[in-house]
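Two complexes, one shared chain (subunit A), two partners (subunit B, subunit C).
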Partner chain A sequence: MGKYLLRRILQMIPVVLGATLLVYALVFALPGDPVKAMFGDKPVNEAVAAQIRAEYNLDKPFIIQYLLFLRNAFTLNFGNTFAGQPVIGEIARAFPVTIKLAVMAFCFEAIFGVVFGIISGLKKGKWYDSVILIVSLLLISVPTFVTGFAGQYFLGVQWSLIPVTVSSNTTFTEMLFPAMVLGSVSMAYIIRLTRSEISSNIAQDYVRTARAKGMSNGSVMMRHVLRNSLIPVVTYLGQDLGALMGGAMITEQIFNIHGVGFLTYQSILKGEGNLVVSIVTILLLVFVICNLIVDMLYAALDPRIRYE
Partner chain B sequence: MTDNNQNLYETLPGQERYVAPIEETPLQAVDKVDDSAPATSMWADAWRTLRKNPLFIISGLLIICVVFVALFPGVLTKQDPNYCNLDNSLSDPAAGHPFGYDMQGCDVFARTVYGTRTSLSVGLLTTIIVVLIGTLIGAVAGFFGGWVDALLSRIIDIFYSIPFLLGAIVVLQMFRTSSSIWKVVLVLALFGWVSTARIARGSVMEAKNLEFNTASTALGSTPIRNLFSHIIPNALAPIIVIGTTSLGSYIVSEATLSFLGVGLPTTTVSWGGDISQAQVNLMTNPMVLFYPSMALAITVLSFIMMGDAVKDALDPKSRTA
Partner chain C sequence: MKKKAFVIAAAVCAVATLMGGCGSSSSTNSASTDGGKMIITSYASEPQNPLIPGNTNETGGGKPGDLLFARLVSFDAKGNASNEVAESITPNDDATQYTIKLKDGWKFTDGTPVTAESFTKAWSYVANAKNAQKCSSFFSTIAGFDDLQKDGLKGTEQLSGLKVVDDKTFTVDMSQPDATFPIKVGYLAFAPLPESFYKDPKAFGQAPVGNGPYKFSKWDHNKEIDLVKNPDYKGNDVAKNDGITFKIYTSDTSAYADIQSGALDVMESVPASATKTFQKNPKVQAYNKAGSVSQTFTIPSSLEHFQTNTEEGQLRRQAISMAINRKQIVDKVLNGIGTPAKEFTSPLTPGYSDSIKGEENLEYNPTKAKELWAKAEAISKYDGQLTFAYNADGGAKPIYDAIVNQLKNNLGIDAATNPMPTFQEFRDAVTNRQIKGAFRTGWQPDYPSAENYLFQLYASAAADGKGSNDGDFKNADFDKLMDEAYAAKTTDEANKIYQQSQEILLQQLPAFPLYYSNAVGVAATSVKGFEMNWQNLPVYEELTK
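So, the complex of A and B:
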């Protein structure tokens, strides 16, 4: 187990380096000169511009810029935005909001996805199975921003059941509906995944054997069917936790939540490259670590898997 | 026979229990294999299953309709989607304009009809590129193994770990001025090929250990020939399934990018762009947003249902009675 963990962490290093390099290259290939933009309508003072370029390492070759960024990132020193704010401060303000939103969305999709998936998978062909299936298909095929707008319009504006936007307090009730919107598509995928896993596992020989031994129906379900069915679901959930943090962009935009997605989108539009790569680096780490945890969880769920 | 009947159930000397004479055992019936059905390939078998699946029939008909609208939008409406008259801004539906007008005074029905072509082209082109590149890279990684696999797998991991939407926005931001749909197609393909490659790699690794490869090698075929004429065709089923399903999700992604303002320019008639424009007047005229969203949802839904039906047909394990 320890050896396996070490190998996985070693494998993560080139992935994280490669991905940050790719993102860094993409972001800093953005057209437009941010230093020029800082002067607005005023004529560019070359001396000041050169000083700013030196301050942000923009005068150095690309690969040196990247290496300097990496060195600083290790000490969580991400430098300043072009507006003069420390990047780490902006991130520290935005991350708790998004983590809250993502964790709420994650709980929502995990609980409802698995529960509805089990109900649906065990009672295939019943009317509520059809209802669950149709609703999950609709959630997948309607884009999140339409679901968000529709909910905002009907539940928020027409029937005043939920707050229309989220204030800076980000209270639980305010965040509840945005979190549901954020988790809705994944929930639909989890329902479908759980349903197909349950219904294919239930037809397996080991289930018949367990029943033939005289095992009660509840035990067969809990110890055999569910345990085997949940392995792919756990994989999906693990990958999704990382994706939720980055995917909150649309939801945060609609409900005016000032989290990471909102900040990233704004900084891409403003050309704040430094902020963009810093956020993406952190998101990457979250994503890769989530995947690692999922792999470790496998061993707990499936005794056949042993890491040597 | 009478002789036999007489000592029926009587044990003969040296036997502990009665053994039926050989003529009485209908061995031929046990051996008989039903060869009345014609020999079929996996694809013919899948097609037979598909034809009987109502999910396939419904989604197939819907897809035919969507493709027809995309090819011949002029049949459904004589209106020019780009003819906009501010006098009609947000007007109610009228004769010949069943969906009313949007804020710019454009006919919503005409725009929804003409938007079909854009969305479908983006979905279709992206899927073709993704399936070609993903299958090729995944197959090479799975087939050759060793350092080739290690290298390609790390590249796949790198692309996989970058959040899709974030990467797409960053790249599209560079091509803001371009108005061609190819920029969206290429960006979606750039971040989309990884999932197909992963699946192709897995199923090629599975297919390459099957016995027909040994047989083919014994007959003198080269590994590359094995790869293209035996392994890839046998590993194709899961790739086709994910291709069909993700066609729908590319259409959604295009709409999302257009909604964020980095996708297609407003001069191109597209559902995502129209939904994004209609969002401003959501509180007063929700129907302007409803129609393109509905068209988008129906299109995506039919491709997902088609994917489900194809999956049921190609994967006998998931088939239910």
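So, the complex of A and C:
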């Protein structure tokens, strides 16, 4: 187990290096000169532009820029944004917000997805199974910005049931509806995934054997059906947590949430290479670690899986 | 093994639940009232630069900056200038030297007095290329500017054209006559700076100290900027409220939702999705009047068949201009939040006139357009395709689709749009003169003067990359009138000359004025005194609730 973990962690190094180089190259290849853009449609003072280019190493060739970035990143110095803010500070402000939103959305989709999935899977054909199926189909087919805008307008603006947007305090009540919107599509997928797994596992031979041995219905469900059914669900959830951490650009824009998605979008628009690459590096680590945790969880759920 | 794994799984779930629970510490948020004080909340975006006046060239920083710093002159809502910190600004005979006297009693919020040096040192700092201030080119007409653009500067060198006479008086030598200088000094980049700025400009940029109607209180990055009323301010725009909180939004749609629910007081734009409905929406106060932003497109002055200095080119340009139905574009495409253009400045610019000779070239007249085009064809045949470049990220697509269709229908010529993905890419192509056709241009004035539209956009001195004359229009008669206007004794006299200079522009059409973007905005229903100024911004000092 320890060896396996070490190997996985060592594998992260080339992945992170390769990805940062790729992203840096992509930002570098973006058309347009970010320094000229800073002047808007006003005359560019070339002497000033040269000063700014020198300050952000934008006057150097691509590979030198990248190596300078790497060298600084090792000492956790990600440089400054064009606005003169330390990049690390920008990230430190945005990530807690996104983590909060992501975890809330994650809990929402995991809990409701699995619970409704189980109910639906166990009681196939009942009226509430049909209701759950129809609602989940609806959630999958409607894009989140529709759910978001419609919910904001009717529940928030018209009927004043929920806070319309999220303030800078990002309180639980304010974040609740955006988190539900964000998690709704994944929740629907999880419902359907759990339902189909449960209903197919329930008909398996080993379930019949367990019942024949006289096991109680509850322990058959817990130890055999549920555990086997949850493996694909856990895989899905693990991937999704990584994706949620990447920020939800659309949800963040609708509800005024200053998270990672919005920060990434802004920094791409401004051509802020350092900021984009720093965010992506952190996201990459989050994603790789999420995947690792998911792989570890397999062992817990399926005794046949061993890591040596 | 099995047990251990379950423990891990349980721990992961527990952590997840805990983190989710972190948010539950609910605190009621009402930024609008702060201990009985009347604080107005306004829509804003995160400033793209530190809050240093000379480095602020976009609205995110410009909005708080304008309220934090009082300049020599201030502008009323209509754009008329009056002295603020200045007691008098006196030009010599040919407008090459100004003597500026300051009023007594002005103080920065740190208690230090505003002196002649507060201005001269600040202006030199911005002009000095070493300090990399984005507004440095505003100082280019002051003597000594060129010396501060060289390599090897320390950053402390002063503009040689600025001379302090005494504590309250200084003189400004211009490198060329500049009659608009007394108006220009109302622009934010000309703000005075306290002595404390030079000790640590970086810290100052995060917590500026000014002399304006408001005092800086707090900048919570990406969240809000708080300003409170400056009790010591005795200028022209004393605030009627106790402070302004600029709330930073991720999108104008979320801000609009907040205005409707009363969680936000005022915003100076309307999301595209609401342009049709906002004036009828009972949950908001709507504002929609002609503004100062002029929207145009430019055909490079040297483009073959379209040269501004040949008869053929002028005929074609006039034909194109008359083939465009500006009113229809404003009504149908913009849902009425624009005003068809009548000349090259704007209705909010002092000296505006809708009846300058040649104005008929901006009126829709398809028959005449066809005639003129046929005349041009008789001189020399043109069978190329006229393309219209614009940036696709700014919502300009329907406008240019309409223009292209109108030209095809009314002139029978081959026209097409040439969209470019981002503003950055588009501006790059424009500044590198890579566009061989028409391209979108627009102008938001820095100070309310015809000079700011005309000289900056059409004078030879601003062509070839030295300014914003992106079409490289060069006309000796026009330049001569610009010089005369610069040397004019009074603003009225200068404005007459500017109108005269527009006759040349309306004849040769280096650019095609389309419409003026309206100043549109919304305020919560509880807000009183909601008006917008010549910069298309709310008059913040007048807002109450």
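Points to keep in mind about this one:
Quick note on the criterion: the second predicted complex is superposed on the first by the 296 of 308 C-alpha atoms of A that agree within 3 Å, B and C clash if a C-alpha of one lies under 4 Å from a C-alpha of the other, contacts with A are read in each partner's own complex, and residues count from 1 in each chain.
Quick note on the criterion: a residue touches a chain if its C-beta (ideal position, glycine included) is under 8 Å from a C-beta of that chain, and two chains touch if they have at least 3 such contacts.
Bear in mind that the values here come from a model prediction, so they are computed numbers and not experimental data.
In the superposition on chain A, A:296 makes contact with subunit C only, while subunit B stays out of contact range.
Contact with both subunit B and subunit C is seen for A:253 once the two complexes are overlaid on the shared chain.
Put subunit B and subunit C next to each other and count what each touches on subunit A; the higher total goes to C.
Contact with both subunit B and subunit C is seen for A:157 once the two complexes are overlaid on the shared chain. Residue contacts after overlaying the shared chain place A:138 against subunit B, while subunit C stays out of touching range. Of the two partner chains, subunit B is the only one touched by A:19; subunit C is not. By the touch criterion stated above, A:52 is placed in contact with subunit C alone, subunit B being left untouched.
Overlap of the subunit B and subunit C interfaces on subunit A comprises residues 30-31, 149, 152-153, 157, 253, 269. Interface residues of subunit B, counted against subunit A in their complex, comprise 154-155, 157-159, 161-167, 169-171, 173-174, 248, 252, 255-256, 259-260, 272, 275, 279, 282-283, 286, 289, 293, 296-298, 300-301, 304-305, 317-318, 320. Against subunit B, in their complex, subunit A makes its touches with residues 11, 14-16, 18-19, 22-23, 26-27, 29-31, 124, 137-138, 140-146, 149, 152-153, 157, 196, 199-200, 242-243, 245-247, 249-250, 253, 264-265, 268-269, 276, 280, 283-284, 287-288. Note for the complex: subunit A touches subunit C at residues 30-34, 36-45, 47-48, 50-52, 55, 82-85, 89-90, 93-94, 99-100, 103-104, 106-107, 110, 149, 152-153, 156-157, 160, 163-165, 167-175, 252-258, 262-263, 266, 269-271, 293, 296-297, 299-301, 303.
Residues of subunit C touching subunit A in their complex: 1-2, 5-6, 8-9, 12, 16-17, 19-20, 22-27, 29, 31, 46-50, 57-58, 129-137, 149-150, 202, 205, 220-224, 247-251, 253-255, 257-258, 260-261, 263, 283, 421-428, 431, 441-444, 446, 456, 462, 466-468.
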